[in-house]
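Listed next: structures, encoded as structure tokens.
First chain A sits with chain B, and in the next complex the same chain sits with chain C.
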Partner chain A sequence: MRLISLIAWKEIKTALREKLVLALGGIIVLLLGLSLFAGYLNYEQQQTIITQTQEVKRQEWLNQGDKHPHIAAHYGTFVFKPKTVLSLFDFGLDTYTGTSVYLEAHHQHEFMFRPAQDHSSMIRFGELSAALVLQILMPLLIIFLAFASFTRERESGTLKLLMSQGVSFQTLTWGKILAYGAILAVFLFPFLMGIMLISVGEFQQDAIPDVAIRLLLFALLYGVYLFLFIAFSVWVSLCSSTGRNALLTLLSSWIFLAILMPKTVVNLSENVYQLPSMREFKAAIEEDKANGLDGKSTRSIRMARLEKEYLEKYGMDSVQQLPFNFEGVSMQAGEEYNNKIYDYHLGKLRKIFQQQNRLGSMASLFNPFLSVQHLSMALSGTDPHTFIHFEDEVEDYRRELVRKMNNDMAENSHYGEFYGYKAGSELWAEVEDFSYQTPTALALLKHYWIEVISLAFWLGIILLLIFYTNRKLKPLYG
Partner chain B sequence: MDRSTRTLIRYEWKTFYRNRFQLLMLAVIFLFGLYAIYYGKSEINEQRQTIQAVKALEHNEFSAYQASFTEEMKTLEQERAHDIASRPAYAWYRHGYHAILLPHDYASLAIGQRDLFRYYYRLTGMSLHYQLFENELANPVNLMAGNFDLSFVMVYLFPLLIIAFCYGLFSSDKENGTLPLLQIQPIGIRRIILTRLGFYFVLITGLALLISLIGLFSAGNPFKPENLLPAISWLFGVVVYNAFWFGLIFLIVSFRKSSSFNAITAVGCWLLILIVVPAILNVIVTTKYPMSSTSLASLTRRTGLENEDVEEESREVIMEFLAHKPELAGSDSLIKSNMLPKAYAAFTTLKDMNSQQEVDHYNAQVLNRNVWTYRFHWLNPAVNMQHILTQIAQTDLKTFLYFQDALADFHGKITDFYFTRLFWDKPILQEDYSNLPTFEMPKKEIQWAALWLGLGKIALGAGVVFFLGFININKGISR
Partner chain C sequence: MLKATNLTKKYGSFTALNGLDLLVKDGEIFCLLGANGAGKSTTINLFLNFIEPTEGEASINSLDVTQYGKETKQLLSYIPENLMLYPNLTGLENLDFFCGVGNKKYDKEQLETLLYQSGLQPDFIHKRVSSYSKGMRQKVGIALARAREASVLLLDEPTSGLDPKASNEFSELLLDMKEKGVATLMATHDLFRAKVTGTHIGIMKEGVLIERFASDEVSFQDLEKLYLKHMYN
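For the complex of A and B:
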């Protein structure tokens, strides 16, 4: 152990002599700071606007005046996607998912306004976030640190000297890995403190219920990722004859894993599983609303069936005799049927999304970068599953709102007297304000077992590689 | 070309084709280029198919309307259909017309923002803003990853190829011990490096041009008048952009450090230019010009008259509207017949007029952001190049903002068509169907001046780095 720390200490000293490494490390620390600062500003700005507007919309709903409940259901309300505090760490999909949705009777609207639409095509180059720095830039720093770890000793002949002192390859390797790990930890420390402070300061009003657990998982995730990269770089250096070769191998792998492959996989998934267009999607829904899911029960047939059912149930001859307003009942029945149609079509659509994303998950088995990218988004609450969960909660809220309106209409108004009844603020207040909590991290991780396995798998592989290569190496040929 | 240059090139060619790894890299890039062309084509073809499908839906809708004029009315549903076809009180908010932004032939080469913005809309006479903000279906994961199109290959991958081929131009001779042999030759080191750099410039830029030509020819005939200038500027852009990267690598090489240093510095520059700087600019622009779509969201609310049973309110709304559109007044039965549809038509139009300012303000903010980022194109040839390629392919932000303006005009045409009939209490006749409003995207010329200025900026950048390298390399060379 003493030997390992001795080797590590020597390695740290050499690294600190490299101006390039220090410069790059400095840049990374700066960028991390900048990303946190800008992320925080953006979070504050958006969060303030969203909370304010949500409150305004709530007041509009409560103070909409006396009107017929069905008109109120059409007047509807809006929901805005809250920004989570951890999204300042990893923006994830936030720039590309819609941010607001209009809730009204009869129609499910999709989320509108993707923030990327407010940018020029430069937005497609990506945005600076801590995740970008850690996922893409950090590996480059690691490569710079470690590519020569063994080749330098080999080229300058110190490797043989070390061996003759009785140092084993295993000790040497682990000493070096420890050294680079320690350097990164020092670089990352201020950043860790920063993100802790921000999260602790903000989490009470946040949509994420388990910020602390997520932060721990973050630390674990990036710890594993950076360790993987360090170990891989040292291993490549161990296997390479010259520093130049090691560097080229590492740089090409990095470009392939972090730049080329993620894009290619996603693009392929789009070619394999094709989405319908919005117009066709909506047209299919309208078609089913008109002719029924079976294609035979048109709206009028469905209405007649419902009327008959209710008249038989209550033993009456006409709907006017029913003890409630049948219009409210039929309105709600129509709403529920529409919901069924929507769920069917949305289900099909979601399935395509899921298939596309599943391909990305499978690819992560070959590319730990993808695993980290997906898991990091999940922990930040900016992944596809959190968004789907949010969409579902919003739709449930809409259904509850419309149901309350229709039930009130059935109970309190009279058949055929649409203008005769007006509900007031008491009914509006019965609809609770919308509030959102993301699923817990552990619940989310169920969707990401492939990614977790991938990381564990790569961790195992790299440890085995280091172990076996070290055993096989002979100092004489080293 | 004198003899020594010829000799240099001959030997460079020999080292090049004996290096299997380099040949492999060229082949890989070539294949990536072909894949990118295929991918872009498949994306845009899908959009073309959607456009066809959408047109077919519209065609069916209007054929059904027209058919209802000749059919015999038997069922209640048939009568309803005929009402929708012939009575403006129903038709104005039910008849949907598609406004389509057809892709430019070269859109498949630089998809740009085309996957993010809508390229077709179905518009009825209802409030424009109620219909304007719905998004196209898209998987956000795919939007985030971006497109592997030819512009990506040109902007991201070719610089890497250039770095891979040229980072060791001087240092490898030093490291292999051939440098002293070169130094005793009568030609200077600078000239040797420049000749070799020139050799790779021709080779790699040649490959880039070849792939581009394949792309340009497979996406559309470049000799068509509307394609000729875009094709030429694409090719020119590729040459200039590659020149910049060659200039940069020349500058790095001119410091005459080790191969590892050169490789690290070059990749560092690549990272800076293609990832770090744009990422920082994006974050700055987001926080410097904060935008919130929440104000626009409110415009999409379906609102109506407060008390539609009170005649006075309807009358007031109609009158307010007619003050803006006096040409629609004058019908004897203005208030008597179809009062509620008229009131609603008036209401949504007035609402649009009131909220237009909000939309304009929002779009102006988006443009502001654009103007701000545009200033940094001097600094960043990659972003500049990407922008130029999307301008050429007409997939840039401005094209879509322009499309929105055209939508507003088209919506005006639609409402004019229905409202004249609605307010004058005239039915829609069968012959009116041969005279329906149609969408036209006004011919928008690419802003060539701006585009060439952009290219000029890249060329200037190339000149500066090359010049610095040229000066730098001879410093202390005699040592």
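For the complex of A and C:
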């Protein structure tokens, strides 16, 4: 260990005297700082807008005055997806999924206010986030730090001198890996402190219940990712005859792993598992609402069936004789049938999403960059599964709101008086304000076991490669 | 003490070194002369265990270098033709680092003294090696050999490209180490330096040690004649 530390210290000293390394390191620290600052401003701004608008919308709901419950169900309300504190680190899908949704009876509306709508087409190339800097730019710094780690020693002859002192390749390799790890830790330290301070400061009002665990997992995830890149870069240098070869190999790998393959996987998954357009999706739902899931139970047939069922159940001749307002019951039954139709079509849509995501997960077995990308979004609470969880919670809330309105109508009004009956603030207050908490990190990770396995697999592979190559190599071939 | 017994290195059908038997005792400087490709550097690389012998054995202080690679490396110091150090580090930092990896610990003053005694100008000790001439780098190499208290010195054309003054200073340092009982094996093209510095001289051709003698047995003129006879006959 003493020897490894000594080699690491020498590497650190020489690397920090390289102008290119300092310049690149400085740029990356600056970009990380800027992305964190921009992310924080964006988070604060969004959070303020969401908190204020949510309060306004809540007050509007509570103070909408006396009106018929079904009119209130159509008057509806807005709910907002809280911005999680860790989303300032990795924006994930937040840019594309939207932050608020209008809730009313009969309809599941689309999410609105997608940040991507407010940007130019350049957004397609990705926003500057800390995750982007760490996932894509940091490996570039590692490549420039480490590509010549062995080739320079070999080309200049210092390798022979070191070997003549009894230093083994194994010791040299780990000394270099330790050095580059330490250099990155120094570059990343202010950033880590920044994200920790912000997280601690915002912890009380955050939608993520386990920020501390997620921060630890973040550190572990990016620690493993950067270690993989460092170890891979050192290994390539160890195996290359010249620095030029090592640099070309590493840059080609970087372009393939971080740029080409992720885009290809997305395009492939979209082409293999094609999603219907929003227009087709909505049209299919409307078609089933009109003609029923079996294609022959029209709305009027369904209503007649329901009426018959209730009259038989209560032994009455007309709906006016029922001990409750049948209009409320039919409203709720219609709502539930619509929900069934929506769940059916959403289920089909989600299955395609799931297939697309599964393809992405499988691809991550061949590319640890994809694993990190997926896990980073998950830990930030900006991944597809967190969004689906939020979407489900919102839909449950909407259904409960409509159910409460319809039940009140059924219990407290009479058949035929429709607009005559008016409910008041007591009923509106029965609908609790919407609040959302993300699933815990551990619950989320169940969706990402392939990504976790991929990282463990690549970690094992790189350790084996280093071990095997170090045993095989001699300072001179022959 | 360095010893080679039937030391042979083949690359496919090409024999780089053929059955070398050699003994360099403590306090001796054995100079290997020969044209490029004669097998001089191969011999050095075999003693360093940088390559595996095809046959035979190379040993340092009776330890086979292939079996006791780590132990034998603790006993030797190596200076190649062009000693390359880390250009971003100073001479002192380089010496400190290489002493450290060789398990030798010296304080700053001791390292400065070693560099000074090895002929490095004091105002260069704290300058980065990127500003050093080849001669200066070779002096750091000598300082390292002294610091390591090596009992065996392996030199691969160490004076090639040095100006006469630097070459002479280098020879002085070798003789000083010889007095301390260091066994030295030096591959060189420099007949004059071999005659002045070496206690023994060997001439190699096509992987074979074809001639060996004590350096005081021949005059410089005879050595030159002998060398040219072997090289061009």
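In this text, the second predicted complex is superposed on the first by the 477 of 478 C-alpha atoms of A that agree within 3 Å, B and C clash if a C-alpha of one lies under 4 Å from a C-alpha of the other, contacts with A are read in each partner's own complex, and residues count from 1 in each chain.
Definition applied: a residue touches a chain if its C-beta (ideal position, glycine included) is under 8 Å from a C-beta of that chain, and two chains touch if they have at least 3 such contacts.
Worth saying up front: this structure is predicted, and the values here are computed from it rather than measured.
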Chain B versus chain C as contact partner of A:13, first or second or both or neither: second
I'd like to know which partner A:96 touches here: chain B for first, chain C for second, both or neither. first
Which superposed partner A:158 touches (first chain B, second chain C, both, neither): second
Is A:358 in contact with chain B, with chain C, with both, or with neither (first, second, both, neither)? neither
With the two complexes superposed on chain A, say which partner A:58 touches: chain B (first), chain C (second), both, or neither. neither
When the two structures are overlaid on chain A, which partner does A:34 contact: first (chain B), second (chain C), both, or neither? first
Chain C versus chain B, contacts on chain A by residue: B
Going by the contact rule set out at the top, does A:109 touch chain B (first), chain C (second), both, or neither? first
Can you list the residues on chain A that touch chain B in the complex? 20, 24, 31, 34-35, 38-39, 41-42, 45-46, 49-50, 53, 57, 65, 67, 71, 74-76, 78, 80, 92-93, 95-100, 102, 104, 109-129, 132, 136-137, 140, 144, 147-148, 243-244, 247-248, 251, 255, 259-260, 262-264, 266-267, 269-271, 274-281, 283, 298, 300, 349, 352-353, 356-357, 360, 384, 387, 419
If you look only at chain C, which of its residues touch chain A in the complex? 9, 11, 45, 48, 50-52, 69-70, 73-74, 76-78, 80, 82-86, 88-89, 93, 97-98, 100-102, 148, 154
Considering only the defined contacts, which chain A positions touch chain C in the complex? 3, 6-7, 10, 13-14, 17-18, 156-158, 160-167, 474-476, 478
Which of the residues in chain B come into contact with chain A in the complex? 32, 35, 39, 42-43, 46, 50, 53-54, 57, 76-77, 112-113, 116-118, 120, 122, 133-148, 152, 156, 160, 164, 168, 175, 259-261, 263-265, 267-268, 271, 274-276, 278-287, 290-294, 296-298, 300-304, 306, 308-309, 365-366, 369-370, 373-374, 382-383, 386-387, 390, 395-397
